[in-house]
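Both complexes shown next keep chain A, but they swap its partner, so chain B is in the first and chain C is in the second.
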Partner chain A sequence: MLDLSRVQKELMDCNRDKDISGISVELRGDDLSRLFGTISGPIATPYEGGTFRIDIHLTDEYPFEPPKMQFMTKVWHPNISSQNGAICLDILKDQWSPALTIKTALLSLQALLSAPEPDDPQDAVVAQQYLRDYPTFVGTARYWTETFAKRASVGIEEKVQKLVEMGFPEDLVRKSLDKVGGDENMALEKLCSG
Partner chain B sequence: MKFTRGWFPGNSGPNGDGDRSTKVVEDSPVTKNYSYGCHTTSKILCKFFGQGACLKGANCEYSHDWRDESNNVCTFYQKGACSYGSRCRYDHVKVSKPQKSLSSSSATSRQHVSSESCVVTHPSINAWSEETNPVWGVSVELSALSRPFYPPGNPIPNEESGDHEFLDNGNGGENTSINPADRPICAFAAAGNCPRGERCPHIHGDLCITCEKYCLHPYRHDERVEHITTCEKKKKNLEALKHSQEIECSVCLDRVLSKPTAAERKFGLLSECNHPFCISCIRNWRNNSPTSGMDVNTALRACPICRKLSYFVIPSVIWYFTPEEKQDIVDSYKAKLRSIDCRHFDFGNGSCPFGTSCFYKHAYRDGRLEEVVLRHLGAEDGDTVIAKDIRLSDFLANLHLRGN
Partner chain C sequence: MRDYVVEIIERTFNVAAYVATSIHDYPDVALASAVLFYWSRRASEDGLCMSAARACTLHDLIFRCAPGIVEIDPGRAVTDGARARIACQSLALELVEQSQVGICLSELDQLDLGLLETNRSMEEDDYMYSDDDEADCSDRDLDGIESEEDSLDWHPKPSSKVITKESLLLAQGEDLRRVMEFLKLKEQHARTLLIHHRWDVDKLFAVLVDKGKDQLFAEAGVTVLECKSYAASLFSPTVACNICMEDICANEVTVMDCSHCFCNNCWTEHFIVKINEGQSRRIRCMEHKCNAICDEAAIRNLVSARDPELAERFERFLLESYIDDNKMVKWCPSVPHCGNAIRVENDEYCEVECACGLQFCFRCSSEAHSPCSCLMWELWAKKCKDESETVNWMTVHTKPCPKCHKPVEKNGGCNLVSCICGQPFCWLCGGATGKNHTWTSISGHSCGRYKEDKEQSAERAKKDLYRYMHYHNRHKAHTDSFKLESRLKELIKDKISISESKNINYIDYTWVTNGLYRLFRSRRVLSYSYPFAYYMFGNDLFKDEMADEKKRELKKNLFEDQQERLESNVEKLSKSLEQQFDELTEEAVMAMRAEVINLSVHIDGICKKMYECIENDLLGSLEQAIHNISPYKSEGVERASELSVFTRDPSQCFLQLNSSLKGETMEPGRSSSGSPSFEKGCSSRKRGRREALLDLNMPARATFKSYDFNSQISHPR
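Right, the complex of A and B next:
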């Protein structure tokens, strides 16, 4: 059974200082096991200024098992898959501890953005670029941040408007946007794939 | 005054049972109850024998000799409070002093010595106590029931009626000849208010600053010291419990002592670090299935916060604040487990995977403890070494054999 009281406490704790930490966690629906978190890109990195959304799924064994986390916002980073947002981070796998929380895990992700580990990559292409051609890596990462991580801050109504203009029915647009956590590009992909 | 065996009337008394028992004892002088050794109970008169019927006979560990005193001391009073107060049938006296005999003749046997005294008399001094207390008065706390039975018709032990002091019921405790250390303290005053005030026949105790009660006897030094130490210990325990209320489990983020069920309101102490968890959370984490990809030693057996490896968890209802307190908790837990028979060992029928490191008792059915078996191990250079006292933890921490 998922420890609901602990999750509630964690949510309250996260939202208490979200302005300072740049980390917030919100419910996706009525279910406490489906959450999404947002972290701001660390200063002095190619991710500065971006807001990254992370899908969080808590299993029934949480906190004795790590939460399942995945980037919903596309990121160009050696330890994060550029395809599906899968994260390679030890504390989300075998180094998890029940004393860690969603907030500390998100803080670790923020730290991962500022300190990539190309020797233990999730995305080999990005890792190779990081090691061989660092300036190009920084350029790409910054471009991805500008393209994907900043658009997410645009209001939801504008996105709906934009997608409806493309010719999709409004209720389907809203549903798709909701499903992907408000990411316009991912919603478009979803709509196109049917 | 000294009594010889011949003086004592038990041998010729009409109390058949008592006589027989006495004889049995005397006929078999090797029995332990008759050996005047260091065995403490052997010098105390058997209560049942005193009433004429002890079923244990010669095997009784108490004395069947009339010259020995009966132990009629109230154990509750010794501990500090007897709820029966003055109605208690047992003696409210202190034992730390030499045991004084309050036994005396019953009212009926008294009458033939001093017929002019009122029927309800208090037992007063007797000859035995003269060695320790030259003048011995008895407080009103003594009731008629506190006197041991003497076989009717026997002369009372004390024939020196000149030493008797017959006290009136009402002012028994106010006898000036009473050693103040032997006067009981007033329970009402100890509780805060004595209705008799100045006229109270009992001693009003001094204030104990710890429990804030007037319960320190002004003349009994040992009792005072004992009360103060136990009181301070209790207070410390209470304060620790109060502080423990605030402690939160780092896993469930709840206050451990505010959990819904009593079984959950326990801390799980880790042997190697000082991070607080509730017992269910830490056990749950340590029992997590290794299928989740986590290593048993580096993740599951480690503290979730500092990742320091601990081999066992100690349950405790109280949190500690000093290393000594923690050691106390650990030691008492281990001592408790050591008194329980190991179910893996099963009195020698089974085998315990923990071997000599097992916290539980490894004893055979006859009470013999398991012997540590020496293990001969072949060292790398071909020599044989004896590994002494192999412990599970040695293996867990990569046992290094030192060859000779």
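Right, the complex of A and C next:
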């Protein structure tokens, strides 16, 4: 059984200093097991200026099992799948300890953005580029940040427009976008599923 | 007593040193090794343990000695009489071997008891018959052989052991005790160390010597505290648990050896998750980056309070770690499972017989398949299955990958196929190729067969198939004969009792059963020599190694020659044993006896030669692939013996697990008059006549002639 009281404490603790840490966690629905986290791209990296959203799923055994995390925002990084956002990070796997928290995990992800580990890659293509052609890697990563990690904050009206054009009622579109934190695809998913 | 130990060991070593230093002067090696055997045997007979051994200055060439352990290079620790004996034996054998081939002792690398077999076979040559004088066999010779078979001065006890559900605790007891005693540890810590090192005590001690105690403990996650610190709980009534983030009453928290403290609820939850994940043997502390393994007593207590059934599973997991995490122990593969496991002592390349009667290859857990290597047998078994399921035998769908030998299916018309391992290869010739290809050529490859048309490839498939059928049919024929001959066992038993009741004069019929077992064993060898030959001289495994067609042909002919000789003699023996000897005259019986013994000895010799040829000339000459096979044993597949662990004093085992088992399974202290191995030797000799029929592994002969040692070295007693 999920330790609700601990998760609630974690949420409060995490959002207390979100302006300083650049990290926040929000409920995804009514259920404490589905959360989404946000981290800001570290300064002096190709991810600077981007806001990265992370899907967090807590199993019933949390905190005795690690939280399942996955990038929702597309990101070009050797340890993150460019296909689906899956993350390769030891503390989310066998190095997890119940003494760690969602916040520490998100902080580790932030640290991962500033210090990739191409020797233990999740995405072989990105890792190869990182090792063999670093300038191109930086270019691609920056482009992806511009394209995907900044769109969430700007042009919300554009997204509404687009979704409305697909034939969904505007109020529902706005609600859905709000719920998923502005992610176009997720909102679409939500709209389609009813 | 202690002085006596030292003296014994010193004498043993002195002999060793003598042989070692005088190798180039052709020393009397046989004498020296016999003396070695004698002293080491004495040491073990007297139940001596060498835990008091001291640093050895004399023999650093051979022994690396640390206080408390005598190590025999490389990294083989010797701490008790049994081990000392083994060490000395192998040393002696090594010396004998070395002196004959003239290699310097410092090049000693692998000590192997298996050498014993080699030496024996050399002695046995005296009794072997060449083809020419085969018919000529006087009665005196026969008696010589037969008494040789019975007079068992000394032979190695089976090195493999059966571990039953009941003796599982006992089996690990010795290893645990050694580590506990030597490092002055609690059982749980000893177990953690052993699990970390996969129950390889020698390796554990080697790490201790190389890296020191602290490193050894740290790597395995063992924390030994002088006294637990309860500082946190002493001064305040509540403790903040970092996991559930609550303040918990101080008597509901548990402090682990690493001094990390969390509430009991959180610990329990953590343990349950880990046990369910199947990680019972290495449950780490909950603190981030803390490598410490949790105290098994704490786990036991907390989990059993919540879920007693899971606590039991935890116990079982711990107990079975000795089998699951141990290279030298394997579950018996019987179906339905007999519940036993087998432990081998020296070499994983061997075949064993479990107490349930199943004989299997220890390495791959499939049926005993020597002289096939495990890979050959795996491929063969799969091939037989595939082929029999193929309705149309003409369509051979797969080819082995030149890199990993896995069968690869061809799909589509293109002759460039690629294996899941990533290796592309040419379908027609089976050779590795580059990746780029067009419809007419494959890059990095020119076999000239690429344009081969369909008819030709069908021709090839047919040829391959015929070749397979040739070997398959012979393999099967001998396997079938083996099954038929198994029935002879009962028949012969009856005949013997009839004969014995008819004759007032006692006639010994051991030779019949001995002959029968020789037949069984050689029939097996013969049967498995066919799949061996199929792969040895075929293209599936050794295409590149046996590239020289002429050489291959030559080797093949030599091997087939041996096979034929074995075949004809085995058939002769089979026929001879089918005689109705209970109806024959005494003279005719004696003639039959001569024939059976003669053939048995001859067949044993052929088998041995065949194995030598396989190990040295065929598999030994391969340059890339490494194929090891279980060595030939004249006595047949070794039957694992019941476990009897050398226990000096049962009360020294502080086993906490299943303490109820303790009373029943612990061996009583050994008598001072003789070692278990010799008692065993005696009993199997006594059993020889009466239960010969049941004993597939009757020793075929003994080797060491008795020698008056007392005239050489005086014994201090």
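What we mean here is this: the second predicted complex is superposed on the first by the 163 of 194 C-alpha atoms of A that agree within 3 Å, B and C clash if a C-alpha of one lies under 4 Å from a C-alpha of the other, contacts with A are read in each partner's own complex, and residues count from 1 in each chain.
Just so we're on the same page, a contact is a pair of C-beta atoms (placed from the backbone, for glycine too) under 8 Å apart; a residue touches a chain by one contact, two chains touch by 3 or more.
It should be emphasised that the depicted structure is a prediction, and the values quoted were computed from it without experimental measurement.
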item	value
Fit or clash - chain C, chain B, common chain A	clash
Contacts of A:20 with chain B and chain C, given as first, second, both or neither	neither
Touched partner set for A:64, first chain B, second chain C, both or neither	both
Chain B versus chain C as contact partner of A:9, first or second or both or neither	both
First, second, both or neither for A:93, with chain B first and chain C second	first
First, second, both or neither for A:192, with chain B first and chain C second	neither
Chain B and chain C footprints on chain A, overlapping residues	3, 5-6, 9-10, 61, 63-65, 97-100
Of chain A, residues touching chain B in the complex	3, 5-6, 9-10, 61, 63-65, 93-100
Footprint of chain A on chain C - complex, ascending	242-246, 266, 269-270, 272-273, 286-290
Residues of chain A touching chain C in the complex	3, 5-6, 9-10, 61, 63-65, 91, 97-100
Chain A contact footprint on chain B (complex, rising order)	250-254, 275, 281, 284-285, 288, 292-295, 299, 302, 304-305, 307
